[in-house]
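Each of the next two complexes has chain A plus one other chain: chain B in the first, chain C in the second.
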Partner chain A sequence: MEHYTMNLTLKVWRQKNQNDKGRFETYKVSDISSEMSFLEMFDVLNERLIHEGADPIAFDHDCREGICGMCSMYIDGKPHGPWQQNTTCQLHMRAFKDGDTITVEPWRAKAFPVIKDLVTDRTAFDRIIQAGGFISVNTGNAVDANSLPIDKHKADEAFAAAACIGCGACVAACKNSSALLFVGAKISHLALLPQGEPERKTRVMDMITQMDKEGFGACTSTGACEATCPKGISITNIARLNKEYLMAGLTADQ
Partner chain B sequence: MLDAKIPAGPLDDKWTEYKGHCKLVNPANKRKIEIIIVGTGLAGASAAASLGEMGYKVKAFCFQDSPRRAHSIAAQGGINAAKNYQNDGDSVFRLFYDTIKGGDYRSREGNVHRLAEVSANIIDQCVAQGVPFAREYGGLLSNRSFGGTQVQRTFYAAGQTGQQLLIGAYQALERQIALGNVKMYNRHEMLEVVKIEGKTQGIIARDLITGKLERHFGNAVLLCTGGYGNVFYLSTNAMGSNVTAAWKAHKAGAYFGNPCYTQIHPTCIPVSGDHQSKLTLMSESLRNDGRIWVPKQKGDTRKPNEIPEEERDYYLERRYPAFGNLVPRDVASRAAKERCDEGYGVGSSKQAVYLDFAAAIIRYGKIEAGKHGSENPSAEEVRHHGVDVVKEKYGNLFDMYEKITGEDPYEIPMRIYPAVHYTMGGLWVDYELMTNVKGLYCLGEANFSDHGANRLGASALMQGLADGYFVIPYTVGNYLADEIYSKPVATDHPAFADAEKAVSDRINKLMGIQGKTSVETFHKRLGKIMWEKCGMARNAKGLQEAITEIQELKKAFWSDVRIPGGTDEFNPELDKAGRVADFIELGELMCIDALQRNESCGGHFREEYQTPEGEALRDDANYMYVSAWEYRNEHEWELHKEPLVYDVIKPTARNYK
Partner chain C sequence: MTWKQVFTSSIGRKVTMGLTGIFLITFLVVHVGINACIWANDGGEMFNKAAHFMGSMVVIRIIEVGLFLFIFIHIIQGLALEISNRGKRGIGYAVNYGNRGSKWYSRSMGLIGTLILLFLILHWTNFWIPSRFTGVTDSLGIPLTKTYNGTEMHDLYSLMKITFAELWVVIVYVLGCISLAFHLAHGFQSAFRSIGVHNGRYNALLTSIGYGFSIIVPLAFAMMPVSFYLGWIS
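Coming up: the complex of A and B.
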């Protein structure tokens, strides 16, 4: 792999806090190695800003290996940037070339208010999980793990849905800021497993109610969420959610 | 004298006896008792959920934006449990034995046996929660092998086991939050322990969004704050992983156990340049199928695929025929370092070895072709099938490798090198997971307890969940049963005011320095000292130098650090400054501990103490103890020793040959 260095222009969203109006600011960065990660490029810029006595750019990040779901930059109009099935932290500078201008914004959604610069508040996702994204089994209640064989295909499918990292890229990509891929993934994960059966109906009803309360928009099946999801969560999870919701509605006890 | 409070009686019965006789808190009283839990990884989330379910009033804190981000999420390979589902001779005793041996005979028999006993319950609990572990076609759970064992006892969910287990614990925690049993504080950092008359009564936390300091009362405080690998700057830890909560507890009187025991993981993606901010692990599970080698010829510049089989040195298979590529981590790391130091390293930095899947692809490919009824499959057909199998097993890891390096590991062997991964050391705790400070507990990686001088693969997840789901619910009750007689302390008590003032003074001092050098620069300097002088190999001279250098670094930090922004706002640079200040102090203690331990054991390798073959040479006569350090003053610690007594296992030289 050939390595190279590049000079870039960055247009970055700066916003002091939730009440500030915010604006784009332009920064030039030079001698960026193609081997760097996108966030390491931001580290270089921030070091310079600190040295110059300016305010560094706030951004969320933690594991930097694509699994914690904390990083969340909207890069050139795409959540997590140009690579497929990728998180911001795993985007590397070889995706860009010398002279490029890169625009970086926070996730934009009513339900994800900006805290500062590129940092948003995604606790709405936690509250959706609180509404029903679990199996009610207290510690100590479990029977032997192998007493309940599960069809491998179903288990694999449940795993594929459970691989969601809760980053919110699906919401950021959607023109309506719908959270249906996130919610659909959790509904699928738990509905596909026999352990999830007892709470199947209430779970989907409660999670959808909470989702609406948080101010997420409606799904119009554009598929932007699936296309941008760093973990390749399939849009069929939304279809399953719709089916679960319909079934729960039709067969509700009340 | 340190009392570990190991229950008397035969090893097999200790935990059962303890559970049968520990004090209980009745349901009405549980409602009145408040427990603070700091950190929401596997240990913290499982403890918070379990204690909430039991009826305690729980407050949980994490510095991330959600408990689901904790770095347990990044654990890849799996979780051990003595289920013996594979009928390959596993048992509680085997898991216990492997863990003690893997830890190079520097852990407690009582603790480790309990860990092995509850391991099976963890798998049951997680499956009940809906954790989608890998399964066989018959619908039953699948297992794989990990380093340092000869049985298949590792349960896994592709290369994302930590993620799935954490999501399970997180969901259980969120359920308790919804029920009102747990109150969650996201983006909060614990900055002080509040003690009154020697008893822990709460914490001071800082809201990282507003910068406000908060006082929180608790009848007990549980630190579940993970390891301190980031003292090395570069490690496989998350950027935010830090020692601050544990360090504040240490300075408030809690002893720090075995700080020098750090685990250097053999299979990580090598450093690519000075810009590097973190290192990425390639799961140990890859050593099930990957073969590690370097060229037989020094300084060989040929591409790996051009080097013929007979000119490759599969040095782990050569040196350790019994365990081969699946030797424990410390052994594999040192062997890689040895080859690179001798000039056999590969890649542009020459600080890397190959991890090669070509043989596995062919082996699996032939089996699959056979299943498809192909008698004489072509090489392409074999490769095609083989790649599919390897993809199913390790696909996400291969993708991650390709994203970082730009190379396709299905075609070219991975380049790997050891990196800091885990810390066996941590706050000293007794059998009940209580530190020597009353009411202050420590769980998971943050404590020192179960892994001795080296942790076996897939055992960190096991320990975190064992502590949180199955140990602390019993042991904390044994303390809290007496707490029902004491009234909750109001947070306007002078002890809270003093603790808050100490925190605010420290922050103001940091902000007031207004020097020229960034926090990051100091962190990098510390990391360089630690990696070079207290890393994979240590010696007395280097450690003495390191101690002086760290003391100088500390002075420089406190006179020249530059922190932008203000205190009453979202200011990640300020958060980081506090953490690096604590890492600097910890670094000094790690070097002091490493210097004091005149032997090699597990992850602690002192160059002066090795066998003629270069293996670690323990000194059981003089160092069969836990080093528990008490903070006295700046640069001054007192060593307390907890002797390790082996009643069941006879310590021998660790042999993986």
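Coming up: the complex of A and C.
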């Protein structure tokens, strides 16, 4: 694709801290290369703000290659911006054209409170994973790969579910701020494998209990989560989670 | 994990929605089947007999109590979910994801459900309350009955005819059926997801059946008042 530069107007959510009310600020950026990533465009803007003595815009990022799940911008009404199956860090400026106005907001959910500007506190996800607990596998030398046969189809499904990077875009996109796609992915990738078997029931019960405690909503299965997920996590994982939960609930001892 | 915890969790509440929803769907099949007898063009004999049979069978009356229980659980749980889900966002977005990520009717189940509820109130007042409690009469209060083979029964067919002579009633019924169609277009497949059906082949099948059902059944219901109003049945 032909390289081009553009001038843009950015409407960015600024909020000093958790208690600040927050507001949109408008910034003009010029000579943005179509080959920059969206975050690099923010770097350019932030360098300018620092030079001007202003407070740079806080945003989360780490790997900048689509695998860590830290970047989390809600761009023009869609988490991670206009492209499909893509993270904010992998969104390139060629997705926009000269003169565009881009609105950038943080993930919105009570369970993900804003820490500063576009940075939200997503430790609720960590606590859900912790609630799931450990799995019982022998440590020591790696076991022979063929000692534990796994159906190829199940291995593929488990792998696809394990691709979830815990970014929280599903929560941000959902009208109910539901975390079910995330938890569905986490439950599925272990429920499909023999390694997940021993703690199968307690894991799903405990993770859902924690999820509800964190204040995420219930699922209406609108599909907005699946549509925005950078890793293409399928909504089927939600149905599987429901089944796992129901089975665990129906067969619990007490 | 107590039963209470299981059914009051976010997933448990959706399981309740799914199960009651599927029960209501099966009820609709029976309801539309019996009502379709009005098109037999026999002056309502087949329909009146079918309705009489349903009203006089003990088993059906017991199921009817269950039906009301389920519909109220569905309504209360549905509205409660709608309210609690709406409270989870906090500050809203300036730009919404909207129809790019999901169908508008899947995001409007609470609103559509409420429209169905409003329709149901009219519907119960028109038919269910008279036939079970206050008696089936015409507008002057004269009882509407028919006797077939020595058995006297409500003439619900004539009640329909009288009710659907009013244009505004027909319009409200058609709107009610359209609401039902959209509720089911999302609800049918969603209900099965809520109760944990995740096998690929069933998902594809249920999605197709769901769209088919949500067009055919509400359309059949909507054609009933329309048929009476336009005098398509004698």
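Here is the rule we use: the second predicted complex is superposed on the first by the 242 of 254 C-alpha atoms of A that agree within 3 Å, B and C clash if a C-alpha of one lies under 4 Å from a C-alpha of the other, contacts with A are read in each partner's own complex, and residues count from 1 in each chain.
By our rule, contacts are C-beta pairs under 8 Å (C-beta built on N, C-alpha and C of every residue); 3 or more make two chains touch, one makes a residue touch a chain.
From a predicted model like this one, the values you see are computed outputs, not experimental measurements.
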| message | Do chain B and chain C fit side by side on chain A in the superposed arrangement, or is it a clash? | response | fit
| field | Which of chain B and chain C A:I50 touches, first, second, both or neither | value | first
| field | Per-residue contact with chain A, leading partner among chain C and chain B | value | B
| message | Just to be sure I read the superposition right, which of the two partners does A:F216 touch: chain B = first, chain C = second, or both, or neither? | response | second
| field | Partner chain in contact with A:L10 - chain B first, chain C second, else both or neither | value | neither
| message | Quick one: is A:S33 in contact with chain B, with chain C, with both, or with neither? Answer first, second, both or neither. | response | first
| query | A:M207 contacts which: chain B (first), chain C (second), both, neither? | reply | neither
| field | Which of chain B and chain C A:S178 touches, first, second, both or neither | value | second
| task | If you've got the overlay open, could you tell me the nearest Cα approach between chain B and chain C in whole angstrom? | result | 19
| Shared contact residues on chain A for chain B and chain C? | none
| field | chain C residues within the chain A interface of the complex | value | 1-2, 5-6, 9-15, 81, 84-98, 100-103, 106-107, 109, 186, 189-190, 192-198, 200, 203
| request: Could you please specify the touching residues of chain A with respect to chain B in the complex? | output: 1, 17, 33, 35-37, 39-40, 43-44, 47, 49-51, 53-56, 58, 60-70, 83, 85-86, 90, 92, 94, 115-116, 119, 121-123, 125-126, 129-131, 133-146, 148-152, 155-156, 158-159, 162-163, 165-166, 189-190, 193, 195-196
| request: Please give the residue numbers of chain A that touch chain C in the complex, ascending. | output: 11, 22, 24, 74, 76-79, 103, 105, 108-111, 113, 173, 175-178, 180, 205, 208-209, 211-212, 215-224, 227-228, 235-250, 252, 254
| In the complex with chain A, residue positions of chain B that touch it | 46, 49-50, 53, 64-71, 73-74, 83, 85, 121, 123-130, 132-141, 157-158, 160, 163-164, 167, 170-172, 174-175, 177-178, 184, 186, 209, 236, 238-240, 272-273, 275-278, 280-281, 399-400, 403-407, 469-470, 473, 516, 518, 520-521, 562, 564-565, 569-570, 572-573
